[in-house]
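Some notes on the structure that comes next.
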Amino acid sequence: MEAGTSVATGSRPTIGRLPAVRRQDVVFENGLRLVAGLILALIAFFFVRLYVEASPAFQRFGLFGFVTTNDWDVSRELFGALPLLVGTLITSAIALLIGVPVAVAAALFASELCPRRFRGPLTIVLELLAAVPSVVYGLWGVFVLIPNLQGFERWFASAFSFIPFVGGGAVRGPNYFIAGLILAIMILPIVSAISREVIATVPQDHKEAALALGATRWEMIRTAVLPYSRAGISGAAMLGLGRAIGETIAVTLVIGNAPTIGKHLFDQGYTLAAVIANEFGEAANDPIHRAALIAAGLVLFVLTLIVNAGARYMVRRAARGVRAPSGGRAAAPGAAAA
Amino acid sequence: MTEVATKAKRVTLGGLNAYYGDSHAVKGVDLEFAPNQVTAIIGPSGCGKSTLVRCVNRMHEELPGARATGSVRLDELDVYGPSIDVVSVRRTIGMVFQRPNPFPTMSIFDNVAAGLRLTGTRGVKLRERVERSLIGAGLWEEVKDRLDAPGISLSGGQQQRLCIARTLAVEPEVILMDEPASALDPIATLRIEELVEELKQRYTIVIVTHNMQQAARVADKTAFMLSGELVEIDSTERIFTTPSDSRTEEYVTGKFG
Amino acid sequence: MSELIHLSAVRRRRDMLMRGLLAAATALAVLPLALILYLLLKKGLGAWGASFFTTDPNGNFLGDPGGIKSAILGTLEIVGLATVIAVPLGIAVALYLVEIGRQGRFAGAVRYFVDVMTGVPSVVFGLFVYITLVLTGVGGGFAGWKGSVALGLLMLPIVTRSAEVVLLLVPDSLREAAIALGAPRWRVALRVVLPTALPGLVTGSLLAIARGAGETAPLLFTAAIVQGTSFNLGQRMNSLPAQIFNDVGQAQDRLVARAWGAALTLVLMILVLTLTARLAARRSRLA
């Protein structure tokens, strides 16, 4: 490429400018390379700094002990993050359970059933859900969901008390279920946007094949659309999981912030992200508490890294399609939505 | 598989018009596809021949902005009639597409069984029907030992016969083929043509093709279309030797298209 | 012939049922947005008064708690600086990926880690900036510009990912034409590639800004103290999300009312940004 430039300019009379031009290009290229390299350095620095700052907690409680001890008690300076980890997992699981079916259904409706002229507006409305800030969801959760869902929660807890983890305790105001429900709403736009992109890659050929066999619309979705996009939709769900795990402010406002493992669905709890946001003020001058919170942040970071890496892998593989392994570097779906 | 010749049905198009948005793709066509015969539709690209057959099983209306008017009668019943269910129409009038399109996530067996499972066929009966369809499509001997292999692991020609087997499995009465061999090599094409010859014993077959030799080899009757209109239909022999319209003659002798 | 008329009743019913379910789920998905917007308008507009936008929060426990002037200004300043950090850097990284790195191994690594960054929870960015800038006491403790850095880190990968997509859409023939004229590559990149992709870059940047503007967690650790009425980015600074977070936590009607009013303000700002971005994207695609 460098040669190309010199040949092109070489035929011009201003030969004297040639080295200058090349120098400019070298500066330009290396400048950009440096900026890009900065990203890698930043991530590495990021990880190292978090680890160093968290290490007092790991030294005191052990790396393994930190995440497996069920005892988070600030006053006794005991920091076992198991209740937080469990809370994060429970709320995220609820979010997936509620959010993913709704998101995928909405994606299917928008791509396969909705009259064509309503598709654009519907898509925009679904994406606007992502425009509502976390703190506003929290506000809504505190003043609308918590008071208004109490009756439903009590009914649900007693009607389905035979299901483990559902019944068997008083329904608290802030609880796992409310947090999970809000997370479900918050992951809806990304899961549905990426599902929609994946569904759009299903070749018309396959859909027509199903219809020509005498399939109804739903049967076409089941035979041609869903099997083809299954991997991509799983990837979308995992990206949603990554979001749910890391979501902070809305959860902080509605989970009750009790550092114990809740006994049932409608009990209070805590999550890794929420504990960081909530206890940071008081931890500023207590090194071990601060280290424990940073350690919680590190656990959260690693957790989201694993989930997101898996999700990206699945979405990318799905984007390449079952039949056409493209050598191109088309951006994976979700690039814009992410 | 019983009394064969009685099963096939006559298809009659009456004043059929098809549109894509503002463009008028098929213009007032009257045409008859006789039972147990192969009718070929030939014509230059864009003459509306694919659109025409897609109107017969109402696949045309699946495309955005597409609509059709007129009638398509299966014996006496108009498939565009008010009480007709479009899904049943497609079950009765099967279709094979230009590019082989087996479901990529399904095995050979599941591909053939796909249409049957929709109506709840299961167990031994399902296996029998799959086997019979694969035999009917001339693919059984080649795949009987690897029914669990993915459908897309087959060669192009085999995939197309798999698609034919998939169509046969739901026991249609009419089979529409939209340039079924255009994506295949000559040997695979020949296999498909032999198969068409066998299938007409039991079905009414309509085959769209841009390949005049193919029409001459497989069709009993041939229709020639130009710019959305039917120019003429006659026995294949007459179309290729002594057509009554000069435009047909120009086309079959290679003067245009 | 009757089979042509009658799809089996079971299948027809199942089809109708499933279509109905999918439609219902879609309605369910849209419902929260409608509910939230309705409540925001109802409760938020009630809080909007003459002095709401012109006074600062004053910390009074009783009586008038003040308005949200400093929060609005703080959000504008913090997000503005974050944009100045994230947009040029983010586009530069995308430019590297598309124009120079391409399919190389280093570019692959950069692309992967940009992906990784999009998945990092915002609270972790806040922690990181807290550790590196607040704890170390660079330029004092909490400061507005540190909030900008945290938001910038969050926005950068979003800018890069969307910019990469649009830069890839610039046809190679344009680049080749310019290079054939003897233009140096940096000039081709800056004068040909970037202007061609400009509408898409603007869209991506606006979406990133909208995302950054709504974030609370990173600001809690870096910039935000609600009492702060300073407009100096070098000091503690108020912001809309932090203000809302703080007010929600207080069991006092007037503070809660202020939270709704501030939330309406914030959501309107973000909706305008988002819709502008989407409409701009739509128009440029049509052109």
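To keep things simple, chains are lettered A, B and C as they appear, and every chain counts its residues starting from 1.
Just so we're on the same page, a contact is a pair of C-beta atoms (placed from the backbone, for glycine too) under 8 Å apart; a residue touches a chain by one contact, two chains touch by 3 or more.
These numbers were taken from a predicted model, which means no experiment stands behind them.
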Contact graph of the chains (line, ring, star, complete, other): complete
Per-chain Cα centre nearest the global Cα centre, belonging to chain: A
Most distant chain from subunit C, judged by the mean position of its C-alpha atoms: B
Distance between chain centroids, defined by C-alpha means - subunit B, subunit C (Å): 53
Centroid spacing, where centroids are CA-atom means, of subunit A and subunit C in whole angstrom: 15
Subunit A and subunit B: spacing of chain centres that average the CA atoms, whole Å: 47
Numbers and ranges of subunit A residues touching at least 2 other chains: 216, 219
Set of subunit B residues in contact with two or more other chains: 87-89, 91-92, 118
Interface hub residues of subunit C, defined as touching at least two other chains: 7, 11-12
Parts of subunit B lying in touch with subunit A, wherever the complex brings them together: 57, 59, 62, 64, 87-92, 94-95, 97, 99, 101-106, 114-115, 118, 152, 163, 166-167, 170
Residue ranges of subunit A in contact with subunit C within the complex: 1, 4-5, 8-9, 12, 21-22, 24-25, 27-29, 31-33, 35-40, 42-43, 45-46, 49-50, 53, 101-103, 105-106, 108-110, 113-114, 120, 122, 124-129, 131-140, 142-144, 185, 188, 192, 216-219, 221, 239, 242, 245-249, 253, 273, 276-277, 280, 293-294, 297, 300-301, 304-305, 307-309, 311-312, 329-331, 335-336, 338
In the complex, subunit A residues that touch subunit B: 116, 203, 205-206, 208-216, 219, 223-224, 227-228, 230, 322-323
Residue ranges of subunit C touching subunit B (in the complex, touch as defined): 1, 3-8, 11-12
Subunit B residues within the subunit C interface of the complex: 74-77, 79, 83-85, 87-89, 91-92, 118-119
